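Please go over the structures that come below.
Next come two complexes, and both contain chain A; in the first it sits with chain B, in the second with chain C.
Entry: the complex of A and B
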């Protein structure tokens, strides 16, 4: 009789995860700008080749935006509301107007620092052109500089500020809240530090805890790719 | 046991004492800050010139604002060429203080303690100037102004008092040949104007008076036409100006060198005097203009003008700042001279998308520097940094507006040749 060949399909085990092993074994993950334990908000991570982009983004020296919440009437040793109490003061003499005056002064002195640490010779026409456009920024190491600060909410004893800064640490922002309290002849502690923007990445691009899975991460990377590329080209060109 | 220790810190917090540093009725204090060249005594701090402690060294230049303690609240200040006048609008007997150069008695007669017949040539701290007032406990001093070697004091009901050098008639009295001005007691009073004088301005060697009716009077040196009276001679009696300002209601005059500017209530700018530095080149090619001429600038309604030695600045109703003339004008090192006003971008004065309400409120001029005050109480300076007069802390010239760090809200500033005085309200 005739010999018939019957094709039978069997699953290939070579692709099975138990045979192959986990798909990603060694993932190089790098962290962007630091965010300490008591703070929250946007935290940029780079995966694999993205770490090179992280260094480039760091060299762009873009500003970060924080919402900082404060509370008048207390002073603590680590400038936050969880620290040991140092002093309690009255705060009923503080008005929104006084706070905004102090904020204007802070912005003014930091504006000066911005121009001074940018290492551009003030006597050149180029320095004048950049100053007009507001593009003078320190492109190297510098102490923390606040480029813009404004009061979002004011309801004694609480208040909330929006701070745009460069080269800062979250503890510096808490110290700033403490110093604002001192300047207003009272005292203040910081209740909340939340980063809402880190360079080109905003809260909308950030993934919450529930979306920490491969699909969302890949999608997020794809969405931000264009933004990152344009920013890098613009600044490092 | 665990529950007790957890409650511990919170209870301790509740029981902690509350300190009060400022009550609801805490008032903002008025302060005076000075900076610039110290050796003339114009800053009013004697320890900079003659140190009062062994370890202190004389300080030739004060590069950043330094607080000057005054007994009264100072409402008006003026910087001359090496001297300063401070005035308070109090009803007390002492209303005006002066410090700095006194070689021409521009600060009145300051009796020397060593020799009762002679006066001090340099006054190192704010010393009262005795004015011969008829009603010293009722009259108030409204404004002071200083020129190269003379000063003017404006009162509300007793006219204008002038003192200092009168070799060109700038004090409004007849020139006495070979008069010795050093250690002179003469303080002249000027009352004959068509209406009450509301502003006095000193140029280098001439004086301008603006009355309530909007007319301008002038006296003094006129070789550059700065008296605006149609001739180039000296005038020793305040005389009314005509020309393009005849019949116009002038609301502000300004001068510091040999050029003068006036602003009318309709926002027009008039100028006369020296035009060697293109200050009036938009209307004429002559270098001296002795009759007020209307300057046809199309920059909008002008609110305030300030005249310097070689450059001028105006502020429009919209809050824009325009500069023209010669020198460091504030638009970088490339703009050295222009006959037509050029605008300084508002972003240099703190305007940004973040704070769009920031605008310049006042402009002032020294001999080769400019100052601008914003509505947020910030002070911006630019120009030649002669002996640290800009107050930036650096010795270099400043080619575009730069913030001066002053601990308070700057209310007014007076610019001199090599020093500046500002009136500040604390936070």
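Entry: the complex of A and C
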């Protein structure tokens, strides 16, 4: 008669969790636009497929928005209030109007840079209309560009700015505070750089440390999914 | 034994029936070398019994020569007596697995040496349950010679200027002090005295309340002290009263203090009204801290955190 071989599965210790070890060891997490050690605010992370979306979003060149705090009367070697003091100056002559005038100049020069790096022929009607609506932006590499800047608070010696920008570094923003101080015939150091928006992600979407758990993270991903998709479709179409 | 008159063994090339072929069990040989105990666990009584005790072999195999040691041990002859010894010392059955995972090397120790060391601790008037606690929390303890244990106890007694009883209480609470390196402890004491400016008797009080300060990172210790003393304005004597703040994360202290300051409630002087103790500041969970101490909601706290 024919002999049958029957396969039977027998549990082996080699598969026991105490022998095999944990099933999941790694999680692929990617980071979005950099935020340096001294700065705070919205920081975008991606998990798994989110890493690809991060790359796509990077290629959309969306603006980021910061609140930047400054203090008149001092200059430091790294432009921040924790750096080594280089100079002390008076600041009583500074007024809000004077500051806003400087901000307008900054906005103006940056506007020119914006148009230049966006490779748009301004002579066309279409280009003009887009520019008026603020829909122009460089879709390739460029130096940092400020698309909007305004003064939120002014109480000598402190002031606070809101800055919309592209391709920036936080250190660039600190240097800007330093230069504003110089333009106003005084000096200034940067006390705070806080990102309140990164593309489609706002402070409201961001999870504070108290919510760094699986459930909150899953919910946060779900809540932002739609606007991420919409933005990608709009820009990359 | 073989009988020469019996039928000679068959040649490997001899033709056999299908039935006989199916009955030959040809298992692969055990590998001579392997980087994991998985290859041996189903063929080793010692390994199998250890897994059943709860030993995590996937962790053990990462340690230097530990896997090799286990494979050379015989369960009945070598391992059993050490297990009985550990149970005698007071390690619970369900604790044996995790204990051996952290210290598999004890299975290769000489039983007499181990017993001598326990006898030494008993001679120093450590109670049975105290010894069990120390061994459990510092699994390497019994690998140290009597001489070394003695030196360590002497060191702590002299450096800190504590009584015999207080020194014992200290090492019972943090037995790691006996097994860890001494240099970092010396350095931490220097930091407390010279850089942080605590008096010797203050250091004694702090160490007895929170022994972990002796093994904390110096950088963290200095940063936490700097914030508490220079930014929050807490004087030395208050820090001596509540040394548990040094065990707390600096971020937690900062965020909660800034929130209280924002609300105008940052009052840490017991002589003044609405006093908030450092203990309340750091030990309470977030929700309780918000409602009882800050008198605000969790949502308010989280909104505030987002402005930092």
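As a convention for this text, the second predicted complex is superposed on the first by the 206 of 237 C-alpha atoms of A that agree within 3 Å, B and C clash if a C-alpha of one lies under 4 Å from a C-alpha of the other, contacts with A are read in each partner's own complex, and residues count from 1 in each chain.
What we mean here is this: a contact is a pair of C-beta atoms (placed from the backbone, for glycine too) under 8 Å apart; a residue touches a chain by one contact, two chains touch by 3 or more.
On a predicted model such as this, the values are computed, not experimentally measured, just so you know.
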{"item": "Most chain A residues touched (candidates chain B, chain C)", "value": "B"}
{"item": "First (chain B), second (chain C), both or neither touched by A:128", "value": "first"}
{"item": "Which of chain B and chain C A:208 touches, first, second, both or neither", "value": "second"}
{"item": "Partner chain in contact with A:21 - chain B first, chain C second, else both or neither", "value": "second"}
{"item": "Contacts of A:3 with chain B and chain C, given as first, second, both or neither", "value": "second"}
{"item": "Those residues of chain A which chain B touches in one complex and chain C touches in the other", "value": "none"}
{"item": "Touching residues (chain side chain B, partner chain A) in the complex", "value": "9, 12-13, 16-24, 26, 331-334, 345, 347-348, 350, 352, 354-355, 376-378, 396-400, 402-403, 405, 409, 427"}
{"item": "Chain A residues touching chain B - in the complex, by the definition given at the top", "value": "73-74, 84-85, 87-90, 92-93, 98, 101-102, 104-105, 107-109, 111-112, 115, 122-125, 127-129, 131-134, 148, 150, 164, 183-186"}
{"item": "Chain A-touching residues of chain C, taken from the complex the two chains share", "value": "18-19, 22, 37-39, 41-42, 47-48, 51, 54-59, 251, 286, 298, 301-302, 305-308"}
{"item": "Interface residues, chain A side, partner chain C - complex", "value": "2-3, 5, 12-14, 16-22, 40, 194, 203, 206, 208-211"}
